[in-house]
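Below you'll find the structures, each written out as structure tokens.
Look for chain A in each of the two complexes below; its partner is chain B in the first and chain C in the second.
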Partner chain A sequence: MAGIILPTSFIMPGRLKKPTPLKNPERPYIALGLEGSANKLGAGVIKHSEDGTATVLSNVRHTYITPPGEGFQPRDTALHHREWALKVINDSLAKANCEVSRCSCRLIGPGMGAPLQSVALVARTLSLLYNKPLVGVNHCVGHIEMGREITGASNPVVLYVSGGNTQVIAYSRQCYRIFGETLDIAVGNCLDRFARVINLSNDPSPGYNIELEAKRGKRLVSLPYATKGMDISLSGILTSVEAYTIDKRFRSDGQPRDENDTDIITPADLCFSLQETVFAMLVEITERAMAHIGSKEVLIVGGVGCNERLQEMMGIMAQERNGQVFATDERFCIDNGIMIAQAGLLAFRMGQTTPLAKTSCTQRFRTDQVHVAWRA
Partner chain B sequence: MASTSDWHTVTVEVPFVSPKHASIAKQVIDVDKELQPQAVKRELTVDGNKLVAKFDTLTVRLARLTVNAFLENVDLVVRTLENFGEDAENPPVTAA
Partner chain C sequence: MIRQKVYKTSLASLHPSLVASGNTENKDDSPILIKYRFSKGYRHKTLDTTLTKARVAGEARALIRCLRAGVNVPGVRMVDAAEGVLGIEWIDGKSVRRLLPGGAEEEDEGVDETLDDIEDVDHLQEFDISVGEYYQMMGLIGTEIAKMHLVDIIHGDLTTSNMMMRRTASGKPDLVLIDFGLSYQSSLVEDKAVDLYVLERAFASTHPDSEPMFQSVLDAYQTQTGKEWNAIKKRLDDGECTSSVQR
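Here is the complex of A and B:
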């Protein structure tokens, strides 16, 4: 998929235009991105050419899938990553048809401690072995940069929704600023945990199965609506929707007991109600952020971002504001190596590299701690 | 260190194919600090083509956990070196 670089005139109508500090590279750069912050292990190779375009050469991912009703534990996930790391990297390089020796830099992305650390070990070894620079990448910035690259959105309000994060973000003065976020659990976590309660499969992902189930839902049950200013709270909603599964009207098989049994609640109804409620909250805080910064673009990134119902609801809101929604499909929405490569290569072209001694991982690395040198 | 005289000491020696690989392994593993520095002391050195790891721990349990984690890391690094070591030292001539 060829990337698009937009002319600078597209950036924020009515504002002072600044030239982008990012120069076209004097030679093609190739980067290998390694991602392992949660249950997905990804490796991707990206190329930036002299004319400023970016090309995705490969994007390989392997997901650690747990049995229904179970989440993924850091220790087991780390074990999975250790087992699969070399295979995934080799696959990715083979698909990109290039040797490691040609890559300019390789990168790691910060999340869950143990899985991340094992991927970092491999990244460091490769860096020393081939004598190539290493660039540490913030996971969230990776999502945003990949979303911008793929969709061509120039200065969108970003809704970052995944299993570990829920944030509304907007760019200002070389920093991605967090406008609103969840006060407790992430929206993906909320959906996944409910999928476990009603025993949906984790394959390909619990969120996807919730989405399928929700399409069959007919009844909207009442759930708390918890936006708090620019922030949202989700744990109470999870508790409330869980409470419906012990309600006497709840039918776990979704079938009425007889023809008089009409006042029932099915798992599909609950998935539907949960999605409608939490997505409405997300759309509300996103709309408020758009109004605040005067942007007409919304970019949805992160694993929950491939939910079509969320995209549809966001689209209705954006249409009412004469705006536009940008979203990507599961290849780039869900955690992947290519986004780490993209964000890392941008940082590398601005002269940022991470010395080996600083390449330890941290579970606390907020989006707004990153200096976004490559944007005006 | 007098205070560590009654600590448990474990020394592990891991041979590598070359001093270079041993040194890479040392640098790679050295980056991540021990999570309990007050209870576990780790010292990594390279002796020829061997990586020598010396652990001082407060309890036997910690010795087991620390050495276990260390060996898991060594295993991953060794497999990476095995996989890419050849390619890195003799890059294919086709590479531009």
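Here is the complex of A and C:
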């Protein structure tokens, strides 16, 4: 279905300051968060003190890296998570210098089924072994809450960009509402798949290698620009940029054949053009959402959020609107356990826990299905 | 659209030479509205120029197509696509949003930056509207949208703020559709249904009391579209339209 423009009447009272329903804890809480929705396995320990501050005690991650030209398969990723789970959790607990956490939180979606299930199993086991409460956490909400905690942004428009998700989100009445999103593939998926086409390494991540490559690009090739209101479409752009790799002017080694060979397209040019086009679309829909809501803050979360060019573009846009952009580095942008701990602990402090029978995971769990009880 | 500014001026003041030289034939004092699309610093220069050009031209094209088909839209007065400037007829009227109960209060609270530069927003002539005329107005809305859809123009942002009521010289009410910044051409039933659906949502949220009146919009729309209506109606009633919007 085509993109929908939300009429201005959906404007929410974003500037109203209501007292937060979240009380300072009467004793310190410590939570262990486990994350495994895609190819990263993460475990993190967070502490909420009586004065309401949060401290990151540890944040350990292990990434399943595939050879260049290959993506990660659910089954192999689940295997990776099972192999590494104990090591990562022990590491995380050791760094946090605590034996068993007081409250264990765990991710329930959205994400790839098999990797999720293996991590869910670990979480259930821990919960039963040590008789600790378990809280299911929505992955996207985890990202948002961690971003807010780290950057101190109070009520930002959130651009959530990762390998599996591309959403523009804003908070309204105890719910993170999705204002715009991709109509087909996620932006990280688009970049990663192109990295595979031009055989870039998956280490540390294909997106990072695209970013490095793009810095050397000079020529902007023409690609479709597909914004529909606050939604975007990316699959056509991926097809178009792939098509340039079989263009007569394409030089896969990036070198001209001789000194007369000037009209050439290099892989770096394609990475550059892809980034410029796709990020411009993302910034534009974010700007649109900001205008609708009247917000001056924007927060970028998710793996693609590490990209410095995206952060730079968002910064220029925010500056033009007299706003401010908040972004985090790879420790918190890329999937991690600590964000699950943070969102889970917030939910736990509001009295939300997940009974064991309900600790299943789901691959389809939209951001706006979560009751954000801890915000006013 | 965002990050564009709107100014009120007239062709005569833009080209004082026309007036000074006494060239009364070309003299035009009637006000026009200038829509200026800023270049965006974050976007690559080449990409930005191409986009702005295409968007200004697209908006002008949609307006002209509507004008040819007799849809009530502002006339196009000047286009400078390369500079991102579009000059259109100034519509002296009131936004439907303000005329309907519930619409007026919230309007200023929003982010309608575009209105910042327009003077006299509140001093437009008052409309005395009776209950009967409300239904008449709904009918006009339906008719104009139908005429627009019949030439395959999709507005893309149908809300009550994007419609203006004015009186013609004879005192007859006249409804004008404005802001074609997100419009595009499509003959798909799906797109037309979505256009109507967006308006329905806007009605429900902005004017909860006048929601039943939306039926009058659809009735008039049906009369105007004729045989195409059945397919659109079916699509509109279809759950998928709803679910994918509500997500």
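In this text, the second predicted complex is superposed on the first by the 350 of 376 C-alpha atoms of A that agree within 3 Å, B and C clash if a C-alpha of one lies under 4 Å from a C-alpha of the other, contacts with A are read in each partner's own complex, and residues count from 1 in each chain.
The criterion applied here is as follows: a contact is a pair of C-beta atoms (placed from the backbone, for glycine too) under 8 Å apart; a residue touches a chain by one contact, two chains touch by 3 or more.
Note that this is a predicted model, so its numbers are computed, not measured.
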If touched residues of chain A are counted for chain B and for chain C, the larger one: C
Partner chain in contact with A:Q117 - chain B first, chain C second, else both or neither: first
Partner chain in contact with A:A243 - chain B first, chain C second, else both or neither: neither
Touched partner set for A:I293, first chain B, second chain C, both or neither: second
Chain B versus chain C as contact partner of A:L129, first or second or both or neither: first
Which of chain B and chain C A:L86 touches, first, second, both or neither: first
Chain A - residues contacting chain B, complex: 82, 85-86, 90, 99-102, 117-118, 120-122, 124-126, 128-130, 356-357, 359-361
In the complex with chain A, residue positions of chain C that touch it: 2-3, 40-44, 46-48, 50-51, 106, 109-113, 156-161, 182, 190-191, 194, 197-198, 201-202, 205-206, 240-241, 244-245, 247
Of chain B, residues touching chain A in the complex: 24-25, 27-29, 31-33, 72-73, 75-77, 79-81, 83-85, 87-88, 91-92, 95-96
Parts of chain A lying in touch with chain C, wherever the complex brings them together: 1-2, 4-5, 7-11, 178, 181, 220, 222, 225, 229, 276-277, 280, 283-284, 287-288, 291-294, 312-314, 316-317, 319-321, 366, 368
